[in-house]
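As written, the chain order gives the labels A, B, C, D, E and F, with residue 1 at the start of each chain.
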Amino acid sequence: MNSVKQFNDYRSKMNEKILTADNLIIKRLFNLDTNAYQEGTLSVKSKELIGLSCSLVLRCDDCVKYHLGKCLELGFTTAEVHEAMGVATLVGGTIVIPHLRKAFEYWEELLNV
Amino acid sequence: MNSVKQFNDYRSKMNEKILTADNLIIKRLFNLDTNAYQEGTLSVKSKELIGLSCSLVLRCDDCVKYHLGKCLELGFTTAEVHEAMGVATLVGGTIVIPHLRKAFEYWEELLNV
Amino acid sequence: MNSVKQFNDYRSKMNEKILTADNLIIKRLFNLDTNAYQEGTLSVKSKELIGLSCSLVLRCDDCVKYHLGKCLELGFTTAEVHEAMGVATLVGGTIVIPHLRKAFEYWEELLNV
Amino acid sequence: MNSVKQFNDYRSKMNEKILTADNLIIKRLFNLDTNAYQEGTLSVKSKELIGLSCSLVLRCDDCVKYHLGKCLELGFTTAEVHEAMGVATLVGGTIVIPHLRKAFEYWEELLNV
Amino acid sequence: MNSVKQFNDYRSKMNEKILTADNLIIKRLFNLDTNAYQEGTLSVKSKELIGLSCSLVLRCDDCVKYHLGKCLELGFTTAEVHEAMGVATLVGGTIVIPHLRKAFEYWEELLNV
Amino acid sequence: MNSVKQFNDYRSKMNEKILTADNLIIKRLFNLDTNAYQEGTLSVKSKELIGLSCSLVLRCDDCVKYHLGKCLELGFTTAEVHEAMGVATLVGGTIVIPHLRKAFEYWEELLNV
């Protein structure tokens, strides 16, 4: 199984378990998370850039993978994604570089799906 | 080997190596860590809630696993653990969600041991 | 004006401005934040312990002040608050100590109001 | 002196001292920082959104102030800035809220200059 | 009163209050903190470099001030301190720069005492 | 394949891909990163101690591995590396301990290469 499918399957399976658990705080937070990236005053693309770059400076590999998947769906080019990640890496410092490596690897896998 | 045993075995093996290394700062820190979760002005259960939620907002998967194991031993219900993690995820933001997934998965594994 | 009143007034004034601004994501997040600390499967006191300790390990002075105010209202003793903050400081490391100093100072001010 | 001018003056004064100190690593990092926000594959506006939201999730008040100043210069509306900060606060959690308060206050001051 | 004396006085006053409070976890952590920077396998100077740079990447202004004071006592030159802070800023990213400004300002104040 | 070789190979492969991507911000940041650890006002050994300890408090396992590899090359003894990591763990708190376990494990693997 390729790593993109593996990531998405695990994410879906666990999200389902989490929502089934029926904790009100978590359910509302998940609901808010879904709505927050919808078109609003800012475009969906601007919001994804925010999601991707915040995920990278906070060094959350899974969050980066999720937003990379969305960025591809929205038609971002490889050069645009690299530049967004370049700015984020500068903000977050060289400590971000190992996460940048994984992000580059996952983006390549997304392109090959 | 199941993931609970794997986690505990690795943790024990490495703790032993670390303590054998005989660095004074590390030994005293480990000793303090053990004592801090003992019954005191706050109950052991209150302290575990603090340990679990701090581990989650700081996004340390292994720390979360350790405290989940302790929470089960102390008789916390699944609903209580979920609620504590819900509050922590709200404090720490959606960046915590991937770690919440792993925490839910591990709690399930603990229940199945 | 004492520092407790100053903190609460600024907090109220800005919260009002933020909610007036009418951004949907922010409004829902504030609403969720209010509800999350209500009595649930966990007691209000347990939730405040979580809020206080997470605020301290994340080194957010204003969040610590807010939860200290709540802890006093809920009847936590000074020794209990100190112990919760002790565990959190151990988890978060000596980097937390300057925030612990401010927390001790603010707790003293709360007691003198 | 208003807080916008105070912020900018302190920032300029200290940047000058830092660059005069002539440390090669720091000078090159400052230089890279300046260039990174120039028009590139991504627009200047997209880069400022990244800068603002990363600063907020990393809870750096001064960084937020700087990028808010840039956002105003670039013609972002209040609603757009609020939405970007809303997404970032959701990603970073309620721990970000005290920094959101300061950001709202500073944006208001920028508008009144 | 100059800012160096103000910093040291506040620190001493609050440390005394914290230790008087007699919480065992906190007292032992403070004790360990004091001992950790003593001469050991690594020299006192090497340990201060570690303390300073860790404080800077974790963006704790008060911790940076404390270690800058120690660095001056130990005979570090301005160029050495700048270089250590340069490496740390690179590791931690441009988000560290506002804290670097305060560090440069405080170092200057230390030299003028 | 042993874990040291695996780590180095992945790191080299991905660095090459990242640099081939030819994003200017990233290339300059990588270049600055390489130069920053060269002999300067501070010795190479002092800089590696900074790199190692900052990596540990920021809890970046791959960064820790990289700097451990360099520390071995530079002739640091096991006791010195342990002490540097002890100080860093104290600064960063018990949340760092799981990363300390991995660091001890990797150092042992480095010694066995």
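Basically, contacts are C-beta pairs under 8 Å (C-beta built on N, C-alpha and C of every residue); 3 or more make two chains touch, one makes a residue touch a chain.
Being a predicted model, the structure only gives us computed values, none of them experimental.
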(Q) Considering only chains that satisfy the touch condition with subunit E, which of them also satisfy it with subunit F? (A) A, B, C, D
Q: Taking A-C as the reference interface, identify its repeat among A-D, E-F or B-E, namely the pair sharing over half of the contact pairs by residue number.
A: B-E
Q | Copy pair subunit C, subunit E: interface residue numbering same or different (half cut) | A | different
**Q.** subunit A-subunit F separation of Cα centroids, rounded to whole Å
**A.** 26
Q) Between subunit C and subunit F, what is the separation of their C-alpha centroids in Å? A) 36
Q) Residues of subunit D that touch two or more other chains: which are they? A) 24-25, 29, 32-33, 36, 40, 54-55, 57-58, 79, 82-83, 86-87, 89-92, 94-95
Q. Okay, in this complex, where on subunit B does subunit D touch?
A. 57, 89-96
Q | For the subunit C and subunit E complex, residues of the former touching the latter | A | 59, 78-79, 82-83, 85-87, 89-90, 94-95, 97-98, 100-101, 104-105, 108
Q.
Using the touch definition from the top, list the residues of subunit C that touch subunit A in their complex.
A. 24-25, 28-29, 32, 35-36, 40
Q. What residues on subunit A touch subunit D, complex-wise?
A. 32-33, 36-37, 40-42, 46-47, 49-51, 53-55, 57-58, 77, 79-80, 82-84, 86-88, 90-92
Q) Okay, in this complex, where on subunit A does subunit B touch? A) 10-11, 14-15, 17-18, 21, 23-26, 29-30, 33, 54-55, 58, 60-63
